[in-house]
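Here subunit A shows up in two complexes: once beside subunit B, once beside subunit C.
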Partner chain A sequence: MVTGTFEVVTRPVSRTVPAVRLSGWHRLRRGIVPYAYLAPAVALLVVWTYQPLAQTAYLSFHSWNLVPTSPMAAVGTANYERLLTTGELGEAVWHTVEVIAGMLPFTVAIPVVVALLVRRIRGRAQAVYRALVFAPMLVAPVAGAAVWQWLLDPSAGAVNRVLGTDLNWLNTTSTAQLSLIVITGWHVVGFAVLVVWAGMTGINPDYGDAARVDGATPGQVTRWVTLPLLSPTLAFLGLMTVLLSAQWTFPLIDTLTQGGPVGATTNVYYLLWELGFRSHDAGLAAAAGVLFFVGFIVVAALLTRLADRLTHHDD
Partner chain B sequence: MTTDTRLRRITGHVVLTVLSIACAFPIYWLYATSLRAPGDVHSLTILPWPLSTANYAAAFANNDVARMLANTAIVALLSAAGQLLVGLLAAYAFAAWTFPLRRTLYLMFVGTWLVPFQATMLPNYVLLARLGLLETLAGVIIPNLCSALGVLLLREHLAGFPKELLDAARMDGRSSWNILWTVVVPVIRPALAALGILLVITAWNEYFWPAMVLQRGNAVVQLGLRSFMGTEGNDWGPLMATAGLACLPVFVLYLVLQRHIVQAFVRSGLK
Partner chain C sequence: MSRVRLQGLTRRFGSVTAVDDVWLDVADGELLVLLGPSGCGKSTLLRMIAGLLPPTAGRVLLDDTDVTTVPPQRRDVAMVFQSYALYPHLSVAGNIGFPLRARRRSRADIRRKVTEVAGALDLSALLDRKPRELSGGQRQRVALGRALVRDPGAFLMDEPLSNLDARLRATTRAEIAELHRALGATIVYVTHDQVEAMTMATRVAVLDQGRVEQAGTPAEVYDEPASVFVATFLGAPAMNIVPATVVATDGGLTVRATDLDLPLGIDATTPGRDVLLGVRPEHLTLTGEPGIRAVVTAVENLGGDEVAHCRAGTHTLAVRGPRPLRLAAGDRVGLTARPEHLHLFDPGTGGRLVWRTADIATPERNFA
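This part shows the complex of A and B:
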């Protein structure tokens, strides 16, 4: 059967010959069916993701204050120049890198060490540990922020009273960023542990056994068998950390530090939010949005490349 | 050999106990503080005693907590239901037919991972304003009705669906709509349920989009909690009670469906 030509056909699609010859009208109707099922989802994507993305690109070359009645003025690349010459962007990027680097121990290092140490725990005990470790992932970000604000409160908080310190963790430049990293790490570490744990369970034990028969020590089995076979999982967690860390910290920044003190916790997304909704500088915010989008793609592509080259597949 | 194995098992238990305490303690402290009598809120004793519901009473008195919780439930349930339906239809199209542009359309869904929410934020805000959806719950729900994650996970599930079943049903001359609801849905009901829970929890905890649509309003519990968190001089007892209430529905779900929820999250991550 030849599919209907009502849509742009990129390449002929071969199909098995149907038992019954269909009339043209029937063929057309049958051809439309899958598109009809896809229509709601695709329409939503176009309206709320792709068309706005194009508009952001358009806005980035204009000056506008978000007020519908005020005119938009074309300004060429002025927004980009402004963005790249003021120090704000560089600082926000640096803070984002700090957060990503700070998150990697929670999303990769701790999970791997824990998963390696607990391989022998099974059954009921395992179920209880899993339930407890995973729980923070389900805590709403703002509720998490609230309880940590309480724990870290300078005078009455449990942390200072137990440590005997009087640090204002969230309002001191040197500790604010660290606090946000620990809170975000607390949210996701259990999830990452379970992902690595699942990845490790999926490894065929025959490989390790074969290595042991050949006289490999447990350490060697870990280094040369388990970790390489785990590398796709680790690559996934690494990619997730790089792409999502700044997203995860956003609710915490918005509720706990508002980007401060003196901009110490302003990452790229919070900067964008501030430009758009505080300064009402739509053009500048759009230019930042475009730069982050492009940066995102470049980083994601590089990481996928790197992951492909480094990971070993079990085949 | 046996002592070695036992040592390793003990190490494992120690490591997991430490990690479990580190993960669970803040949650415990949240509820412990919320249940202390108003005079004991600053107490550091591990067990809150005597127990008191005064903080919850204060939370309900100060805030429109009940309305916020109801609104959040509406948003979470409607979003998840809509996302399931839209996702099911799209995944069905990908699984049951081969058609021109199939790959391109599929990539449109995968591609959403690369578009950070913040890159489309301003035009979306303007569009919401133009449609009169700002400061409304509809504005929180409608734009999120297509969950790319939902489409991708369901498609993966349907890819393993026995083609013979579909073909046999087609031979019977049944419509594709009929086949979807009488053949496909009954088989993938567990997957739909797991995804549904994941989507409800995600929508319940969502922060960024409601914060944009509702701005400084506090119609949903996440935002109400934020406006309750004053920068100075927090009233910790009622605040912890409100935060506890904001997490409670999800934790109740978790108590009942623990294994399924963990699996749904881990699998969505392992994709």
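This part shows the complex of A and C:
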């Protein structure tokens, strides 16, 4: 009788293979590559953003009248104290909030409605509509301002004639701000439509199809599917509006109202400019610049966090 | 559950005809598989049934109602998309409950129904998750749940398993087939996978270039393919197709090509004609006496079976049999096939040929 045992079949054994060691020179070369790619961008940022920022911060603690030959005197926090005790700053901030609130319909609400409507048009007509809406963006702000000044002229302007009013739009405290908002809105609405359009194109059409088969009416598809999926785009536009509205209005303020009447259209950027280049108070302007910089950082951080929480990403 | 009827359904995109005059009748409780290669128009056809795409011509009937012009939200069909199309901003519960929410059902009603469906699909623990937090198989079940929650007249499924890995596909296939049995649901199921078609369908419609090449039970389309296209689309490896000639001999009709001479088992005479001879790889058997004289060029191991690729005359033939076939490249072999396993097709149209004796009293005889 033959005897034997069962043995487990041996499987391929895994052995640790030592990692390839690079020489010091090779490791250095490999490590340096990402920094080399980043260098040009970092250099530009330093030269154009961080260095002026540092200089502004430095300047904000000094008194200087922008004349190169006159001396710069250290004044400590005096500039900030002056800024915070006079009412100008608060008023400019409030005007900025007004501009932002007034711009949101032009950058979010109207573009969504226009994009939803234009989506229904097919073929070449669609491109024509989009081009028409986008056209104002291509007009230089100052050129647009000149045309609007003419349209809003109190005696012969087309706006007064069409509305049957007798208003001096740009030189009345109650209407100057509104006029600027509408003109700026007219200018940027095309861009916002384009952004919303791009956002909509990025939504997989299967979602809308699925919703329709699931029984949703076109209105429900828009409210329950399209708009939620568009929320990252809308959050982006909202953020742009908050951070950039005051800058968009700047060329119009400068050509149409110069911040008036009685400071009614002076927002933070125009105030900054006036302090620095009208009053030649470089220290005060720098202090305002530092405050706005910090303020916008805080606002942007809050909005980004809010947007992350509220928006839905299609993945 | 409803009956779905398609009458002369046609869809053209510019000069391209995606779906060409399709007539199909899907009976209540039937699982009809639309099978075809990509670009054959099967998804276009499904989208027209759903109402997502208006047909260029023809009609869609649900039960006895003409729904051709009815928008999708008012058709009583549910659809499972290939991409699943789960709403990314809604939870699993929100996704499954969506059709009920669109129908303005009460919250309590929706919650009860969603819980029930989620339980049946083993999704109860995942109701609060977002689609991006789910695995592929779980997403697939949520998509299924969203269709199941509303008791539709018919289910439309667009390649629902194509994004799953092989093992999951096999189990989900069985689950859908089981669901079909349990619900007695009418299902129109689009796939390019012949295994899904063969295993799940009560009826298969094979599509090519927008036309229905053949509609029948899985056994019918496999055993009696109506055309060369159907014959070669189903089966792995594909059916061998050899240009040949039918001639009358002393022993009856015979099909001949270079190194090939197979009796058709019909004791009659007929004028010789050119045909395409079709024979499935598993129906070719190795014999001593040669009906086909061939040389083995390669052997593939499929695990349970082996496939020997052979050359006979100028044609290549695949032979499939249980492993081991005991063949090696270079071997000379004799092959034969039983008459009932020989398929003849018209070389011009690709259509199936059936034998009909001149005597009208004799019923027609089909090869297979």
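As a convention for this text, the second predicted complex is superposed on the first by the 270 of 315 C-alpha atoms of A that agree within 3 Å, B and C clash if a C-alpha of one lies under 4 Å from a C-alpha of the other, contacts with A are read in each partner's own complex, and residues count from 1 in each chain.
In this section, contacts are C-beta pairs under 8 Å (C-beta built on N, C-alpha and C of every residue); 3 or more make two chains touch, one makes a residue touch a chain.
Nothing here was measured: the structure is a model prediction, and the numbers come from that model.
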Label the relationship between subunit B and subunit C on subunit A in the superposed model as either fit or clash. fit
Based on the superposed arrangement, let me know which partner A:A210 touches: subunit B (first), subunit C (second), both, or neither? second
Which partner does A:Y129 contact after superposing on A: first (subunit B), second (subunit C), both, neither? first
Just subunit B (first), just subunit C (second), both, or neither: which does A:L229 touch? second
Does the superposition put A:Q220 against subunit B (first), subunit C (second), both, or neither? second
In this superposition, the partner of subunit A with more touched residues, subunit B or subunit C, is B
For A:T255, is the partner it touches subunit B (first), subunit C (second), both, or none of the two (neither)? first
Who does A:G199 touch here: subunit B (first), subunit C (second), both, or neither? first
Aligned on chain A, what is the least Cα gap between subunit B and subunit C? Give it in whole Å. 6
Would you please give the residues of subunit A that touch subunit B in one complex and also touch subunit C in the other complex? none
Help me check something: in the complex, which residues belonging to subunit C touch subunit A? 47, 50-52, 71-75, 77-79, 81, 83, 85, 87-89, 98-99, 101-103, 132, 146, 150, 156
Using the touch rule from the top, collect the residues of subunit A that touch subunit B in their complex. 3, 7-11, 13, 15, 31, 33-35, 37-38, 40-42, 44-45, 47-53, 55-56, 59, 66, 68, 110, 114, 117-121, 125, 127-151, 153, 156, 158, 161-162, 186, 189-191, 193-195, 198-199, 233, 236, 240, 243, 247, 250-251, 254-255, 269, 272-273, 276-277, 282, 285-286, 289-290, 292-293, 296-297, 300
Listed in rising order, subunit A residues that touch subunit C in their complex are 204, 206-207, 209-217, 220, 224-225, 228-229, 231, 312-315
In the complex formed with subunit A, which residues of subunit B make contact? 5, 8-9, 11-13, 15-17, 19-20, 22-24, 26-27, 29-30, 33, 42, 44, 86-87, 89-90, 92-94, 96-102, 104-105, 108-109, 112-127, 129-130, 143-146, 148, 151, 176, 201, 204-205, 207-208, 211-212, 215, 221-223, 225-226, 229, 234, 236, 239-240, 242-244, 246-247, 250-251, 254, 258-259, 261-262, 265-266, 269-270
